[in-house]
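Two complexes follow with chain A in common, the first pairing it with chain B and the second with chain C.
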Partner chain A sequence: MTDRIASGFHPFVLPFLVGMLFVLSYCLIGMVRILFQLPREDRRRFYLSLINPKTALKNVKDIFLNCLIHVRLWKRNPLLGYMHSSIAFGWFMLIVLGHLEVFLFVPGRAKLLYYPIFFNYFVAESDTTLKGALLFFLMDFFLLMVLSGIALAVIKRVRSRLFGMRHTTRSSALDLVGMYALWLIFPLRLLAESLTAHISGGSFLTLPPNWLALRIFGYEIHMLPAWWAYSAALCVFMCVLPFTRYMHIPAEMLLIPLRNAGLKIRNIHKGFAKVEVLSCPGCGVCIDACPMSASRANLKNCTVYLNRQLRRGNKRRINQISDKCLLCGKCEAVCQVGVQGPELRVAHRSSRRYGINQDYSNVVPSVPQGGHKLLYFSGCMTQLTPRISKAVISVLDKAGVDYEWMDKEGGLCCGRPMMMAGRKEQAEQLVRGNTRLILGSGADILLVNCPICYRIFKEEYDLPGVRIVHHAEFFDELAASGALTMAPGKENICYHDPCELGRGCGVYEEPRRLLSQCGGLVKAGHEKSESICCGGSLGSLTLSYSEREAITRNSYADLVVSDPDLVATACPLCLATFSRYADRPVRDLAEIVDKATD
Partner chain B sequence: MKPAVAIIGGGIAGMEAARQLLLLGYTPIMIEKSDHLGGHVGEWHCLFPDMSPAADLVENLKNGIKGATVFLETGIAFINRIRDTYNVMLDNGISIPCQAVLFATGYELFDAAKKEEYGYGIYNHVVTNRDLELWFGGREDARFPAKPSTIGFVHCVGSRDIKAGNMQCSKVCCMTAIKQAIEMKEKFPKAEIYCFYMDLRLFGKKYEDFYIKAQRDHGIHFIRGRVSEVGENYDGTLQIKAEDTLNGKPLKLNLDLLVLMAGMVCGKDNAKLTAGLRMGLDTDGFLRSRDNIYGVTDSNRRGVFFAGACTGTKTIPETISEARAAVLGIHNYLMK
Partner chain C sequence: MDFGFVLNPSSTVDLGKVDTTLYDRLARRCPDVKTCMACGSCSATCSAAQYSGMSVRKVLLGLQRGNDVSAMLSNCMLCGKCTMVCPRGINTRNLILTLCRIHDGEGSK
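Up next is the complex of A and B:
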């Protein structure tokens, strides 16, 4: 392999160089700006995490597995996984092998940025080429891999249903420019390398077209237009990249170490949140996942569009999308890069200033007498669904638990609704009030039957020495210890995972274990982290009842696909919401356990 | 042969229509799904404003339809049109050819258990307006305490309630609550009685008189505000939380008995019943009249008529008038 062009330069590399320098400097400046937007403590935490060998190793591993191989996507949808990893990993290997070729054959040119990209143009085959045969093969192999990915991408563009997607994102104009440029890069590369293959050498992919061209036309086709086109496509792609969804490629490489450092979203427009927004690949997996997709009008209120509007700075739409969301967390559960849709929205809501700010710090609820081992907090929603508290009390009595019902005569709200509305200050007043009551009672266990309360107790309360349990967990423990013995009924039960208990707190197995002892447990259409919100969530500030009804009916239909005799859930809000439209009994876990232990 | 008219529903609308059709010389054929005639009114004890026994009204109507064919405990499989006549197929396999069809299917009482916060079916001393009327009529019911000292009435249970899926006002519950409150006060003169309302809609003849009488002569308390929660005390009595919106204050109250004024909701079989005729339902789930002002008793199909609460919530006098109006419509249609 020898240099063919003495100067080692040709003007067609210029478009590529312009694009490359532009995108590199854009990303570098952007990264520095974002790092400086981080609060000081967060920034310190981030730098420390980089020198911690454990997190550093995890960063490398996560970047390799998620950005290049797309392991998460493979698990969710193998076809999409192959499409993405073939393009990303194939392209990555082309770059790596290109550099390897330069180092091996023309080490003198290693400092030239464009050389590995246009290697085949600048070299000629020599008697040492045999050593390069393997590399030629690999280069063609990975080019074929990328091309297969691009072919799938084109098919997906026309028929997304073949890839199991009902809805995909509507692309913006620049996204389309970027996409077409990306589609063109590799076919053009194939063309350019094929036309050069009789000089530079090639392998199974590039040699046959070269031979064919020579046979058909009888003369050598001028190769330069192909190289120009290849360079131009690269230039267009890199110049529009920062303004398209393809920005996710560089952004995710920053997102992973930031997340591994344990940072949280503080301001929706700056720092960590900004990286998350830029990391959104706009794939649209969240559109089908969003419970609001039950009605067409709400298709554009899911996280992918929030991210797009955040990038555009469209305040009206950001407000709309932020307020409408149920905060069920499904978009986050299915998101391949882990964009925290609900947290972004809550951060936006909390940036608002209100004219009236309620003060809950002086509200005096009834104080527990204390002296009991277990404190039972039923919460506001359960006051509206009294059959749940009745059943919980009955089960506690049967198991002989020493308890006190903390808010029987009315209590303080747990604070979660305020937290969801972004009113952190009010939420904290309630958190402080309840903390005082709970610690004052001297109980060891705080039992809650509402997942909404459970989540904030787990996340925001500091209750040293007090174990917080949901009744699904507690009853499961009672059953395991033999304090409760259940006689299984004949009914088939389908369990609905409440968002706050499942995706919110990761409690999936306990309720299922309990229910399988009370009757036959049958499957829902979507379960566990894939479960569909009932539509009653307090998270939404603006959904109308008719919109909620569509969500509830859709979620319910998915729940009863196996035709169960009754529907079980573990949340008073899900219970009330489903009961409104259900065609069969909807019961809380506590009621079912209560009945089975009679 | 005299033209036959199928009447679906044996409540007061259906019976009055059958009576009038007989008088005009037609052959009414009545189909009723339950085992007795009289519908909801048949379960009621006394009717406002004259406190006349409901049983008398039902009895008079029954006497008026002697000679009509009545199918009890019979449902409808389907109804279809064959040229200018209709064929009503019963679920017992009998087919009724007729020249006109009158829907008098009425309404259903809202299932108060759906408003779980009021505790119907969960707490012992929570009953509905219907339970109370049946109890007045002599039915044994363990939920009624022997000597209640405080009684609450909750208006608009399942009416004007988007969460319950019913936007319509049931029209009669305000007045029924006042009537029942007075009856309870007469039964238990020492009891304190509270009515929790959103608005009082007292539009009919003598309704306002009743309202004033209830306050002035019987000392019944009217509190504007909905009950938010109901709980049970250890002794089985009820504790309710509400807001007095005129005072702007929350209140808690202990009650011995809570009566829920369950509202009227559309029949759940409406869609199935009308499917063969392709008439479509109104947006509120009730049957759709040709015109809500000028053609309430007409459908948008020739030869199909409506009477009573199948097209929306109605009072008894309205229902009776509609039954007569529908019969006149049928008569004019058959004379053509």
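Up next is the complex of A and C:
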């Protein structure tokens, strides 16, 4: 391999250089700005995590597996996984091998940024070496890999259903520009390298077109237009990249170390939240996952559109989208880069100011007598479904547990609804009030039957020496220890995972284990982390009654696909919501256990 | 002088003189308040009723009569039972939050 052009320069590299320098400086300045927007302690934490070998290793591993190989996407949808990893990993390998070629054959040019990209133009094959042949083969192989990914992308654009996606994101105008430029880059590279292959050498992909062109036209086609076009496509892609969804490529590489450092969203427009928003690839997996997609009118209220509006700074739409969400957490569960849709929305809600700020200092709930091992907190919503608390009490009596019912006469709310409305100060007042009551009672166990309460007790309450359990877990333990013996019924039961208990707290197995002892457990259409919100969630502030009805009916239809005799759930709100439209009995776990232990 | 009885002040409401600015602003943002039929289901289920006399029905009535409702709202915990039981499907939580937002907090309009 020898240098073909003495100066090592040709004007066609200029568009590429402009694009490259622009995108590099944009990302660098953006990164510094974001790091400075982080609160001081978060920034410190981030820097410390970078020098911690364990987190540093995890960062490298996560970036390699998620940004290049797209392991999570492979697990969810292998076809989409191949499409993304072929483009990302193939392109990465083309760049790496391009550098390797420069270092091996023309080390004097290694300092030039554009040399590895346009290597084939600048060199001539002197005599074929084994090393060169292998590298040429690899270069052609990875180019073919990228081209296959691009071909899949084009097909997906036309028929997304072939890839198992019912809805995809509607692209913005700049997204389309970026996308078409990205699609053009690699065919143009193939064309340019093919037309140069008789000089620079090539392999199985580039030599045949070169030979064919010579046979068909009978003369050598001028190669420069192809190289100019290749450079121009690169320039267009890199110049629009910061303003399109392709910004997720550099942003995710920052998001992974920030997340591994354990940072949390504090301000929706700054720092960590900003990186999350920029990391959204706009793939639209969350559109099909969102329970609101049951009605067409709400298709544009899922996380991918929230991220887009946050980038654009459209206040009206940001308000709309963040207020409507049910905070069920499914978009986060299916998201490939782990954008925290619910947390972003709560952060936005908490930026609001209120004229009336609730104050609960005058609220004096009845104080538990104390002296009991277990304190039972039924929560507000259970007052609407007293059959649950009745069943819980009955089961506790049967198991001979020493308990006290903390809010029998009504009491303070757990604070979760206020927290979800973004009113942290009010929620904290309620948390403090309940903490005082619970610690004052001297109980060892706090039993709750409402996942909404359960989640905030787990996340926000500081209750030293008190174990917080949901009745699904507690009854499961009682059954395991032999305190409860259940006689299995003949009914087929389908269990609905409440969002707050499942995705919120990760309790999936206990209720299933309990139910399988009470009857035949059948599967729902979507289960566990994929379960669909019942539509009653307190997370949504503005969803109307009729919109909720569409969600509930859709979720219910998914639950009863295996035609169970009854539907079970472990949340008073899901119970009340499903009961409205259900065509078969809906029961709480406690009721079923109570009946089976009779 | 004690006659052994007292005269209650008149409870007449002169709707012509009532200032319903706040109610009108609320109705513009949450049009469903107009569908309330004052059944009182929300009052019956309210967790805060025993502490601050909260009742969405009374809040709406009070606003239509130009009364100060901020004291009632001050103990709402947003638990959402009133929304669950409303036979008209009014989003009472959104109504309360909107009212808290557009209220200037001084107790007046």
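In this text, the second predicted complex is superposed on the first by the 595 of 598 C-alpha atoms of A that agree within 3 Å, B and C clash if a C-alpha of one lies under 4 Å from a C-alpha of the other, contacts with A are read in each partner's own complex, and residues count from 1 in each chain.
Heads up, the rule we're going with is that contacts are C-beta pairs under 8 Å (C-beta built on N, C-alpha and C of every residue); 3 or more make two chains touch, one makes a residue touch a chain.
On a predicted model such as this, the values are computed, not experimentally measured, just so you know.
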Joint occupancy of chain A by chain B and chain C, clash or fit: clash
Touching partner for A:153 - first (chain B), second (chain C), both, neither: neither
Which superposed partner A:576 touches (first chain B, second chain C, both, neither): both
More chain A residues in contact - chain B or chain C: C
Touched partner set for A:413, first chain B, second chain C, both or neither: second
First, second, both or neither for A:545, with chain B first and chain C second: both
Which superposed partner A:352 touches (first chain B, second chain C, both, neither): second
Chain B versus chain C as contact partner of A:362, first or second or both or neither: second
Touching partner for A:421 - first (chain B), second (chain C), both, neither: second
Touching partner for A:384 - first (chain B), second (chain C), both, neither: both
Touching both chain C and chain B, counted on chain A across the two superposed complexes: 383-384, 410, 545, 576
Touch list for chain A against partner chain B, complex: 383-387, 390, 408, 410, 545, 549, 576, 579-581
Complex contact set, residues of chain A against chain C: 323, 352-360, 362-364, 380-381, 383-384, 410, 412-413, 415, 417-418, 421, 423, 426, 430, 536, 538, 541-546, 573, 576-577
Residue ranges of chain C in contact with chain A within the complex: 32, 45, 47-48, 50-52, 70, 73-81, 84-86, 89-91, 93-94, 97, 99-105
Residues of chain B that touch chain A when the two form their complex: 114, 116-117, 119, 122-123, 162-165, 228-232, 241
